Amino acid sequence: MKNFLSFADAGDYKALLNQALEIKKNPYGYQHVGKNKTVGLIFFNPSLRTRLSSLKAAYNLGAQAWVLNAGADSWTLEMADGAVMNGSTQEHIKDAIAVMSQYCDVLGVRTFPTLKDKEADYSEEVMSKILQYATVPVISLESATLHPLQSFADLITVAETKKKERVKVVLTWAPHVRALPQCVPNSFADWFSEIDWVDFVITHPHGYELDPKFTKGATIEYDQRKALEGADYVQAKNWSSYRDYGQILNNDPSWMLTNEHMRGTDNAKFIHCLPVRRNVEVSDEVLDAPGSLIIQEAGNRTFSMQTVLHELLKQK
Amino acid sequence: MKNFLSFADAGDYKALLNQALEIKKNPYGYQHVGKNKTVGLIFFNPSLRTRLSSLKAAYNLGAQAWVLNAGADSWTLEMADGAVMNGSTQEHIKDAIAVMSQYCDVLGVRTFPTLKDKEADYSEEVMSKILQYATVPVISLESATLHPLQSFADLITVAETKKKERVKVVLTWAPHVRALPQCVPNSFADWFSEIDWVDFVITHPHGYELDPKFTKGATIEYDQRKALEGADYVQAKNWSSYRDYGQILNNDPSWMLTNEHMRGTDNAKFIHCLPVRRNVEVSDEVLDAPGSLIIQEAGNRTFSMQTVLHELLKQK
Amino acid sequence: MKNFLSFADAGDYKALLNQALEIKKNPYGYQHVGKNKTVGLIFFNPSLRTRLSSLKAAYNLGAQAWVLNAGADSWTLEMADGAVMNGSTQEHIKDAIAVMSQYCDVLGVRTFPTLKDKEADYSEEVMSKILQYATVPVISLESATLHPLQSFADLITVAETKKKERVKVVLTWAPHVRALPQCVPNSFADWFSEIDWVDFVITHPHGYELDPKFTKGATIEYDQRKALEGADYVQAKNWSSYRDYGQILNNDPSWMLTNEHMRGTDNAKFIHCLPVRRNVEVSDEVLDAPGSLIIQEAGNRTFSMQTVLHELLKQK
């Protein structure tokens, strides 16, 4: 593993998943790998789970860590190559990233999409520059289009709870009050469409089709009830339109996941990356049911990060 | 000890106090207890002493720690059960606290009173929810009504400096420019009214009576001079009215503690939780006198926290 | 070493430089010095390099660290002695610094100049108060007039790359869009005018003369081309006027350092403290040339800090 930005970087996902399950059983047993290592974490926007699980993962591994809130703690960054910096930006990302690389052994970065410039977002303009200038391995803590640590944590959660050889996993769009990125559903599709013991189905209203480079031919079923039939796992999540980029096309409240929707499943477990808008995306009854794995799933963020850190640091 | 929210949680206070004095003598001698443990610290408002002493306490104990500035670093929290979250709140406290519990072994939380809704504040609405959703032990870093780590530090300070078997300890109200919570005086009363070698007296203008559930029948003397007579320790502190909730009823500058007030004491030591409005609450001459213990007292915040962390983590 | 605020505190600079080069070769070999030690870091304004390199230095040394963003994380500070604190300031610096000293073994502080009150800035009013109230050693993370950790890192960078016994080092003023402090050039002069194997030249437009107490008789050459002739190292940096205090007197773009300027040097290496306004202070071609040492120089901030921490903590 060189960097960790998408499913492709996982390499042999079965080996990585087994490593994660091993690390979860023995979280403090790998501290020889983290000794004298420093994990750098840069946030361009707020974070709770990613920030704290990354710190916990570093600590479990015996490493140290620092967190930088870009903008608030440090300087406003210039992104354009060749810019004459006579405006409000104070430091070029080229210099900032190269410098930060001096102070850590691996760099986690959270960026975000514009939701306005599809081209810039889907070319991962900011993350690409970070990769270009970093001199240590880079971990995506969520980028403009993907959130691989979340999907890896979802995979760990499904793997450690499944009761059948094969499971049906459904990703269902959910209403929301704001236009959200496609990162989580893109990434979920990027991972779950590749897992050979998963039957993967995506359901959403017309117009919310995700980028085919992430769905990779997964079944798309526009009838939510039909999609949920016999599901073993349901992940609900809002996203804005990829086609009409960043737009909220419809916000049909009947798509809010409720017990009534869950009735057609095979007593499915519920997962969600959080934060969740309760009683807008998903009803309280689903979120608080015994079959809801949301807290265990959040807990697995520690182990997806710790496994990735372990891979990247053991090579050093 | 299950959580640490008030004097009642201290259990056998003499044993806890002795443990604190032992830990202070040998602060790095208990690192087997903190090894591979992570202390989570959440602040809903600014903090200097609590933030830094909690970090120092964790480090002394060989533990790691993280700090989250709620709101700034992460998401705005919904407090109402059953809320339809279609407004500005981004995550329910139910989820946030359960998730944070995944990333630490003990959770310190600073909340604050509204000073408007007495019922909500005095039922500890926010802290109660946190207790309900946390799956690790919770330490109050100051709640709507109490500040137990401060009072415990005050007790350590008095215990390690007292020259007599029994001492008279006086809590005196002081003027201020803003309406402040009752947390510190409530908590001071909660603790010092229970110490069997302390004669405890509270003095304040009429209308500033504290909640009797915390004063527990302590002597209340409205004549400040009389209250201070023969005192061995004086704690000055402003608070707003409990009766006329959150109001500043009078701000009589003659209540500012000066050398002239201290003259009637038995050469009393001075304590204050800090921050202090100099020359408004207390005069410079008192704060900077040899008998002022304010810096030693702030230093003891490390040891009150370290002792509580030690109690909560040694059980794990 | 008692504190670290300027070149004078370095004592025998050759010994300190050798220590830094040793530590850089073996960064984790000195952890007996940092064990059970805590480094406190206080920032009154944003920072990237200083914040992160200080954390890395502490971690390398086996120490723990905390960071406080003064103002944002904690309280607004009163600076005036004897103030009646009935305004907006919430805590006196006297108390804040004495308290912070309780929670660490060494205190790094970044302050900043007013650029309006020359007298206050050049008497280091704020840093003097900090020194007065701190009860642990103090490290300047940049003060109103100096930035000694940067200059020490510059010295390490020159020392480890120089190919000649004696080298010519030129500090050249550069244009900028904002009025900047004189800290970096003052400090660079404070250090490099004392190095016995350096021929030190300063060049700037008329009116940008630095305080002679820092330039100490260094050669000042107003003709930039002439100054750069035969240079082995060039440091470019903007600063506002010391004479017409805090003013931008002229912003002649011909002073921007370009390849054309570098042609007269002896194939000089380029250094800059960063952040740099690209194509305003210095052209991209100079910053990105093979002879640019800016990233290595930023990396050496870890070792200047680690060396100073080592000196201050080994005595404890």
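Order of writing sets the chain letters: A, B and C. Residues in each chain are counted from 1.
By our rule, a residue touches a chain if its C-beta (ideal position, glycine included) is under 8 Å from a C-beta of that chain, and two chains touch if they have at least 3 such contacts.
The UniProt protein names, listed by chain, are A, B, C = N-succinylornithine carbamoyltransferase.
Predicted model only: the values in this text are computed from it and were never measured.
Taken as a graph of touching chains, this assembly is complete, with every chain in contact with every other. Interface of chain A with chain B: the two copies contact each other largely through different residue positions, with under half of all numbers used appearing on both sides. Averaged C-alpha coordinates put the centre of chain A at 39 Å from the centre of chain B. In chain B, the residues touching two or more other chains are 72. Within the complex formed with chain A, the chain B residues making contact are 36, 38, 40, 64, 66, 68, 72-75, 78, 82-87, 90-92, 95-96, 98-100, 102-104, 135. Touching chain C in their complex are the following residues of chain B: 28, 46-49, 51-53, 55-56, 59-60, 69, 72, 177, 274-280, 284, 287, 294-295, 298-299, 301-302.
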